[in-house]
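Mind having a look at this structure? Questions to follow.
Per-chain residue numbering starts at 1, and chain names A, B, C and D are given in the order in which the chains are listed.
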Amino acid sequence: MNKFADKRPAIIFLLFILLLFLLPFVYESRNLLILLTQIFIFSIFAMSYDLLIGFTGIVSFGHAMYFGLGSYSIGIFMKRFEPDMTYFLWAVLTTIALTAIVSFIVGLLTLRLKSHFYAMLTMSLAGLFLVLAEKWRTLTFGNDGFTFRVPELFIDRTNFYLLCLIGMAAVFFGLRRFVNSPLGRVLQAIRENEQRTASLGFQVLHYKIAASVVSGVLAGIAGILYAISLRYVNTSVFSMDITLDALLMTIIGGVGTLAGPIIGAGIIEFAHDWLTGLAKEHWIFERWIIFFGIIYILVVMFFPQGIVGTLRKIAWKRKKKSYPVKSEQKAAG
Amino acid sequence: MDLFMNLALNGLATGMLIFLLAAGLTLIFGLMDVLNFAHGGLFAWGAYSGLWIYSKTDSFLIGIIGAIVTGFILGIVTEKWIIKPVYGNHVQQILITLGLMMVLSEMLKVIWGPNQLTASPPDYLKGSWEIGEINLIKYRVFIIIVGLLVFAGVQFMLKKTKIGLVVQAGVMNKEMVQALGINIQRVFMFVFMIGAGMAALGGVLLGPYSGVIHAGMGMEFAILAFIVVVIGGMGNFKGSVLAAILVGLSGSFMAYYVPDLSLAVNMLLMAVVLIIRPQGLFSAKG
Amino acid sequence: MATLIETNDLSITFGGHTAVDSVSISVPEKHFKSIIGPNGAGKTTFFNLLSGQLAPTKGKVFYRGNDITHFSPTKRTREGIGRSFQITNVFPNLTVLENVRLAVQSQAGIRYQMLFHYKKYRHFEEKAIDWLRLVLLDEKKDSLASNLAHGEKRKLEIAMLLALETEVLLLDEPTAGMSLEEVPAILEVIKRIKNQGNRTIILIEHKMDMILDLSDSVMVLFNGRLLADGSPEEIMKNETVQSAYLGGHYE
Amino acid sequence: MNNSLLKLNQVETYIGQYHILQGVSFEVRKGEVTVLLGRNGAGKTTTLRTIMGLNPASKGSIVFKGEEIQTFPTYTIAKRGIGYVPEDQGIFAGLTVEENMKVAIQKDNEETAKRMEWVLELFPDLKKFWKKPGGLLSGGQKQMLSIARAYVNENELLLIDEPSKGLAPIMVEKVMDSIMQMKDQTTIVLVEQNFMMASTIGDCFYIIDDGRTVSHGTMKQLKEDEEMKRKYLGIA
């Protein structure tokens, strides 16, 4: 029974993926397709963020820097060289290398800094990348950004949709395996009690760096897909708003769960789309982020585990109620 | 000489504005162990509300007072509803104050529109004084004087008044302050209010100085203020003024000589300080 | 029996105050030793010297005849000296089983494996359950640690310590902060460990009945000095010990 | 019981999950020095902290001058007239002796000024180091400052936690002398491990063991009762 319960979310998720996979073949709506593509991309980004905040207990306010590195890598390769698959792969490799190096350094800093400082420092570092992108005009065209062509394969929206869907599924299952691996389990132990983890004989810093690097690389991948979807990149990919998106999605969806960020990304992108539509009726909806800001604050205050976490807690309580008598008796005896 | 003076004056003025923001951050951190990521939002609110009042009343002075009052009110509300429920939980504090920052900036856009607004100093602060070769821009001198007055005022409060001593005592030992019959919650609120008021004052002063204000200015300056707080030593009030001047001056000179590196240098300085001397450059405590 | 742990002239000074003053003891294998002493006698400090949390100002610590004075706590744990703390220290939002499993994993040296699911290491789980059984906590294996009663948390902590399979167990007041009703359960657990007969245990405790019941030998610390060391019966009769305890600081 | 100043009835306190006080009851009579005895970790310090509201009681009642105070916040309790000298003295290290006293003063009137004079007479050392930061004082001077701070207000009850801890014998005597002098003016609850000091100053005693009050009586009785000393303070 236990085994089944463990597998159940994966099975549900697999069915869900299958449905989404079939969607473009049965229902033709360009807008929905684009919206869903966006959701997949941000799901990857939010899951990578959750690996830090939810599984390792690290609050980073600079996640946009990895995202931006990915976006600019692909943009620059496509613009400077040929928009074909070879250079696409080069861009991916470059992204992985750059994000791995940066996240390794940032991970090293987690050793010394308390949560406050770490959040501040990552926020500032992301700010630094933003400035860099603005100033290095020969490469980035500064604030205006630049458009670029993408490999033929990705021009077709359906193809790209499927690629992003597969990407999301792969990241989901990959991270699921990762957080359930012996190493991933140690990350959760660190989140719960860092000193104790160390006193069990684990080198806490190594684990934090590992989490930082994996998370950074995945965020970079999300950045690549994002830039391809727009065929355009500008400095906004390094902005605080990108980090805030990940934060909102993860927190509202539920930290420390992988389904949470996906659900969060879905809710926020859908609501964003819907509210922007409403903006024609009333201008206040253009400021949709204000609603999310308020919801986010309420969630942090009252449901710090988000939607998925709260549901899980309720389920947990119900399960516990079913056999409390037995365990009480044993404890007494 | 003229250039040097101008850059120095410019740097000092910027430094004073950053100081007004950083001083509140550092006091709140020292006493309450809360790092307020929404502090920049209060700064931006000061700018918008102050300049709005200025435009309605045609009096810059009333605008400044209005900004400070706005800061006080927002500070009290923030402390009571946002910070108080999450005392002692660092992660929640960080997350919630960042959320507040987001809401505060968006609110500005809702009320005053998403575009940037222009601002200029009142007539009596326009232009400059010429002293020999040197050209002193009045408004910059004005900012520096206000900044110094605030510094002196807060310093006086901390050293010479009962409430100031209580604030300092609270930084050292909160429990004992309470055991001596003082309601520390009220002290927290007071400090938060003062900090927010200073941030709002900084905001309204910035408007005519830079000529434009926009909703994102809070975040921009908040990052500078964080740098200052780190360099000055978290919770160290005097350190924050020195660090603010340092950052202001370096920004001003760098912006002239190597414009592309000005922000990078400050960040780098912060990173180095965090790694080598996390307690800050000007902190005596190990 | 062979000597397992030995201290030689062990001392530590904090700013002029000598917290542990020239303490030399030797503990044979499979021995159960208790440390008693009044407030501020230096018991926990002495523990910190044994487990490596503190480095001595003077003197040496030997383990199996090797000088381990300068080993870090992590290294000592890996060498075979494990300790529990006075303050409860578990992973609150992980299950009881997971708490112990992590310790088993560390003991097995599986530290950076990230490609396989943890269930691949099924034997870790079985081992963890064995440890939980030993501390009478196996029924609660699927509860979150944060939902345990205080006494149960202490048991969980002991299970985690046991799972590291260290030769030596340093137990620092395992009954601290516990309701009287919870104490017998802990006593039972410690008895079980002792009866297994394969560990060397050093215990700090102030509950005398418990000490007399369990110990092979008792050492008394007073103002950082070793006042007496002997069988429980000898200690009970010792005049110096009694007068020291009765507040004779200034006599 | 007209002269009852403070009464604890079956007080229980948790610190986190730790059930530290499991039923503490005692009564303090006006003008007396009540000594709390018991071994390390028995709950004496927590008892004082619970009275002050620093570790609030989860069960039981604390009555001070006829009023139940167990739910009050710490500062209200302090204002009701209880002064507290904690185990670590709680000196504001960065403030001078003068500033430490200033923070403590609740009412700035003539009465306080008089008390201040009296306190400084009691502890001439404080006057000598008036402008010196509290953190640079010696252990004994810190202890005096802490007591002075609690005593400068018109407190009817002083809670003093192990004033002899970590002090040189000469300092212990000084502190003891000062407490003896205050004894005539105020009621005191004293936690003390030093039995010599406790028995000299104390009028009556309560023994706390494993978070419960297990025994009490007059100091004279305790001095004569070897069995009691052995059982709760000793090792047998």
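Before moving on, here are some points about what is shown:
Rule of thumb we're sticking to: a contact is a pair of C-beta atoms (placed from the backbone, for glycine too) under 8 Å apart; a residue touches a chain by one contact, two chains touch by 3 or more.
Predicted model, so just to flag it, every value in this text is computed and none were measured.
Contacts with subunit B and subunit D are shared by no chain at all. The greater number of contacting C-beta pairs, out of the two interfaces C-D and A-C, is seen for A-C. Ranked by separation of Cα centres from subunit A, the top chain is D.
A straight line joining the Cα centres of subunit B and subunit C is 51 Å long.
Inter-chain spacing, taken between the CA centroids of subunit A and subunit D, is 55 Å. A separation of 34 Å divides the Cα centre of subunit C from that of subunit D. The geometric centre of subunit A is 43 Å away from that of subunit C, both derived from CA atoms.
Contacts between chains close into a ring here, every chain touching precisely two others. Going by the touch rule set out above, the chain pairs that meet are A-B, A-C, B-D, C-D. The residues of subunit A lying in touch with subunit B in their complex are 57, 59, 61, 109, 112-117, 119-121, 123-125, 127-128, 131-132, 135, 240, 244, 247, 251, 284, 286-287, 289-290, 293-294, 296-297, 300-301, 304.
Across the complex, subunit B meets subunit A through its residues 29, 35, 37, 82, 85-86, 90-92, 94-96, 98-100, 102-103, 106-107, 109-110, 114, 219, 223, 226-227, 230, 234, 260, 263-264, 267, 270-271, 274-275, 278.
The touching residues of subunit D, when paired with subunit B in their complex, are 52, 54, 73-75, 78-79, 84, 86, 90-95, 99-100, 102-104, 106, 149, 153. On the side of subunit C, the complex with subunit A involves touching residues 73-74, 77-78, 89-94, 98, 101-103, 105-107, 110-119, 121, 139-140, 143-144, 147, 149, 152, 160, 164. Residues of subunit D touching subunit C in their complex: 15-20, 22, 39-41, 165-166, 169, 193-196, 198, 210, 229-230, 233-236.
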